[in-house]
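Input: structures, listed below.
After this come two complexes, each holding chain A, first together with chain B and then together with chain C.
Take a look at the complex of A and B:
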């Protein structure tokens, strides 16, 4: 029994180990063989350059299984959907995709005007607030000569530098036969490329997305930092055009981002401590500062406190699975001290000596005791979310910690009056006794009654 | 018919007569007056600096004046004989009670001020 159990444990451990080394990617498509051959550069990129364990499944004839039987675990780490022309896929429903996503899988979706109107992937995208254009709706650029090829070379069209870095505004991406999507007002949707003002997604008379209301590539990240990306055209993945302009760079960036190998903020630690002044016994003038954690010395009102956040940015994961971390630069990380309402909001500033450390600097706790939450919430489009908090009690002064009345100059007046009242009273009593007449006491002698 | 002024003068004269006859009453009245002055000094101080910060200290200082005044008055009432009231009032007992009460008051005040 125990041997079997330990063997089972060993197997689970080993399988985890294997998964940790090679990410398993499932490429689901319903393409004909000759169409699938167009994706060799992309699949080679996945399997050779990134060392992913790529499985390619054609759902035209067979079904596909992405979840374990109890739907609690994913059988693959990541999913890539080629544009489906079928409407029903065996084993792959909208619910299954959602389960896969919520279990921690990341999904990359290729769009195309050829995509069927009613397929599970489209329904899944609609669920999270991304609405790709229906079948046969093509985006055209009325500024260009060749209308169906969208050459995206303007810097302002690229909306997210964390997903696709176009800081210098010199990158060009070209989409052929692209679809567009409309998006919800959800803050967890991050547009990557928008339509230019002269683009229109339409089919004859019917317009799906006009000028800058439509998006050609969109990403989504849920609160567990699992990611979805949707790219309007499958042409950028095709061997014919993948090396055109910066398409390959774009595909690599989006793939890395979607598979959580980029723009992930890693919180190394979040801590807070008290800074106390200690007067040394030898020399009373020299004050030295000591830091005390909450466990050593629980906070009380008006204590001086520092909150630190150590954070790193995951920039890349190389072929062998080694993570490359870089210092993260931001000036808008905000610390919040709250008890129902926020009492303080303090911007964290970067430590000049330690590029991982963000600190509030010293600040005094409010003059209010109670259970406070020390929290940092940092949600930015394209980055993984930081949401750390610590709930701690701030106590009030003990009665012996208030200043004595003789230390307060105002109260000297009152002390003097009390002293003078008592002094006058003593003088009064002495004078009263000396001046008063002797009170004669009558002694009543008891007479013995004799019968 | 006696005017109000006459009545007032008469009562002042009576008062002067009474305190001249009994030096203890004179002492008590002077002490009480001093207490009123001290209490008003504290109030004026607090109003002038517009801060009640060591409020417990103020309360201690003010309340000792008021309470001592009350004790003085009760002592005074015990000492004065009204009209035909000739009964023996136990003046020594009265004074001892006064002293004990005052000591308790001072003790409480000194504790309260800190």
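Take a look at the complex of A and C:
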């Protein structure tokens, strides 16, 4: 274990200089050796096809260590849990798994009806709202001939095309000896496959999940975009059935998704700027527009601004670790301008010339000063979250920015009144002085007062 | 020896001039130096709360220039509403000190820090106040120089005025009292001479006053009252007419140039009396000219109809205009001037300010000592003569005596008139009794009634000596009060005990906390605290606040109050909605500091209760028998509210006993079991004496769970959970 660790550190350190860092994946299990041999196709897929640095650890003897001593850093990038039959595992507690997850690791969990009831992985899943069925609860399909083999070929059972693309509804996945799970209302849980209406997860009299209440595969993504996936049956990973139907495709998709190699939205930039009209000195009729950032010219009420979001979608990471980006297509990205309550919500539209740019187009700021939040929050099931915001003050008009009184037509009548009153007053004074009788005044000399 | 009478006189007058100059220099010296106690005892620092805002505004002015200052949109206060600070302040103080700074640094090339200008601003202006008080008294009271000098001496050291003008209390009042006296002096001058130029000067001085302090409304009402009384007494004259008309027109137009005042002079009821008197005096003028052309009999008839018509027209007009909202109703502070219980019932925010409480009677003696009983004598003497300008002093003293009794802070406006009246009394006492030399001469001359003369001499001596004694006591009292009561900056506290080497120990928790905020939090962090500390957080820590001492938005203050008085979960919600990062509270329980947040807590309940009576209920914070308790008997709402939890977080156990501590302010025993754990907030900083405690809002849970649940999950012993089917709400995919 320690050798693996130090080796991993060495590789990490070394690869910093030489190649792109290979992802380190820890496969944790408590299987007997002959059972482990069933996973060769899957582990080969991880290590050869994806070029991951895979470490396989059996927890039966020495347990496992996934965190550094201060729990601040993860020793591996990703975790894969085979179904545990043990309950207590040295070095692996519910809290440690949570730490690993919150530190930025991704976790893939295989379910199985053989799985023990109180193992830490199950507790971790319960903690985030996923409740896999207990030991010995098996999901059966009452439509099928062989009840424990679930052949999932109906399009409506596949609930997330970002995780497993079944847009054409032609894929079939088969699970054997599967468990199911219940999930709570947390919006961060993304169901992948649900039970069909004729499936039931139960053990004798006790029912865990009936028809479409239960899910055969679910995923979870936290606010840092770290991912967990749970697949109800370990059979799909086994060499025996991995090549059946579209199982291999399914496993690949889920693995890629879980390890953040697809369906990741990358925000290249989020900015907003003012579009100001500038009247050129030469020709007063020709207006030209200039864009000014907030730093150049702080916004004031009623200014015309544009909000831009540059985004692209990570579709795949190839064997050499090169990321493959594609344009992201959506018409439901929404910009929100808010000061406690939202003032505007504007749908972003895609720029026809630049396929990475989404823009609100020009819009006028509200006639309300204050400190506003420019925010885009785009949470979609299966995609990584976009949550960008910028808090900026929108100031009021300065006293010199209002139109002058003589520019307002309505005020002319008042201006005329003011002018005429003044004129008449002056005229009156002049006339009063010139027409009144002269009063002869005598100056009386006064003695100067002395203190 | 051929010194003619004239030369003798001129020598005497130049000696008296030199003496007067010397007296003034001494006065200014006394006024300034006694205000420096705070700098000597503590340090050169801006005091209290409001001065911190003024100081911050002045720094902005000096840095950005007047134009930007005038249009300053402040995004660091009242988050997220912001405040158009430039348009909602009285800029007189800042512009004056900015001008002083500019003059010294840019023109005279003396390098002065703007902070020092601000700290020493009030002492510097107190000297000018003394000069204007001298001029005012002299002009009001028969050109009596002795009274003038005495009043100047009194105002220079009277504690009532010093309380607001020690070095460091950089508040509007520091300059406003100077302007008050100058405006009154110029008004008296204008009224006596009828000169347009004096009236213009009065108007300009009034404009300056308007730009400096909201208390200008006092002048706006006092001068019309003076004129109104004179008119009622039948003392209308063309002098009065020209003085008032010029003052009113120019003063009002000028005052409307201040953005904060705006159209108030013609729209608010507070200003209506001056407009009414302006109208009235026009009618008097008209009547006066009618009187000179028609017969007395006809004039009487004319008068009768005119008066009835005018009164009914005026009252009707007032009602109609108020009804249609053209003139604003009186403000809350105005109502609370007449009914001291009004504020408590209707506008708790006004009542919550300690400055707005009624004055306790000992504070009259405390602030003015023996002047307070000379004050009525002076008023009486003025009554005896009752010239036009005496009526002004009488009106001023009657009006202000009432106001000072209603609101503590108006003690400040009463002090000058107390000084003036006392000076009038004393000047009369001395004028007669100081002629000792002539009495001695009379006694020396062997006249018939030598015994009587001797008695007179002795009585004069006794009077003079006893008053001298009073004066000495007065000076001592003033010095004592200034150095002990009015020099504390309230930002730094004296602990009362001393070090091993005898030097005093200071309690500097406020600055400790503010500097922690300044150096350890993000520059755009938002700090929620009760409004009292808003200005200081802005000034010391330079962080964004939700509410501050400006108190212009009651609802916003109520939001903070609601957050403090709600349960933790609800508070977290409210504060997150307003992007708050930190919550700052004042806790005096360890130190025995009375003015802490728990003692103000009922206001944090009452103010939101006025807006959301369904959500906040004052009664639920009391025990069953109606007491406000914080110990075991405290009500559940009290124990669950955020303020309680934050105040006593980790408090039990710090005084030796591992499970209990005593709150030294409220004398309550706080047991560990009363203090519920904080689940949504975490303590980030507590100062040395626990006076200021700062909490941070925990980040949202990454997995979208409720923070309370997360806390419970982390802190309860994990039992072996039997695997039961969870009770889940139906989910829509």
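Please note the rule applied: the second predicted complex is superposed on the first by the 403 of 451 C-alpha atoms of A that agree within 3 Å, B and C clash if a C-alpha of one lies under 4 Å from a C-alpha of the other, contacts with A are read in each partner's own complex, and residues count from 1 in each chain.
Criterion: a contact is a pair of C-beta atoms (placed from the backbone, for glycine too) under 8 Å apart; a residue touches a chain by one contact, two chains touch by 3 or more.
Just so it is clear, the structure is predicted and the values come from calculations on it, not from any experiment.
Participant: Which of the two partners, first being chain B and second being chain C, lies in contact with A:369: first, second, both, or neither?
Facilitator: After superposition on chain A, A:369 lies in contact with chain C alone.
Participant: Contact-wise, after the overlay, does A:278 reach chain B, chain C, both or neither (first, second, both, neither)?
Facilitator: Once the two structures are laid over each other on A, A:278 reaches no partner at all.
Participant: Tell me which partner A:435 touches in the superposition: chain B (first), chain C (second), both or neither.
Facilitator: first
Participant: Looking at A:32, would you say it contacts chain B, chain C, both, or neither? Reply first, second, both or neither.
Facilitator: After superposition on chain A, A:32 lies in contact with neither partner.
Participant: Who contacts more of chain A, chain B or chain C?
Facilitator: In the superposed model, C touches more residues of chain A.
Participant: Identify the partner contact of A:423: answer first if only chain B is touched, second if only chain C is, both if each is, neither if none is.
Facilitator: neither
Participant: Taking the contacts chain A makes with chain B in one complex and with chain C in the other, which residues are shared?
Facilitator: The overlap between the chain B and chain C interfaces on chain A is empty, containing no residue.
Participant: Okay, in this complex, where on chain A does chain B touch?
Facilitator: Chain A reaches chain B through residues 404-406, 408, 410-411, 413-415, 417-418, 420-422, 424-425, 428-429, 431-432, 435-436, 439, 441.
Participant: Which residues, counting only chain B, touch chain A once they are in their complex?
Facilitator: Chain B reaches chain A through residues 23-24, 27-28, 31, 34-35, 38, 41-42, 45, 49, 51, 53-54, 56-58, 60-61, 64-65, 68, 91-92, 95, 99, 102, 106, 109-110, 113-114.
Participant: Any idea which chain C residues touch chain A in the complex?
Facilitator: Where chain C meets chain A, its residues are 9, 13, 67, 70-71, 73, 75, 79-82, 84, 87, 259, 524, 577-579, 700, 702-705, 713-714, 718, 720-721, 723, 725-726, 728-729, 731, 733.
Participant: For the complex, give me every residue of chain A touching chain C.
Facilitator: 94-95, 102, 117-118, 123, 126-129, 131, 134, 159, 182-188, 191, 194, 208, 220, 222-224, 339-340, 369-373, 391, 393, 395-396, 398-400, 450-451
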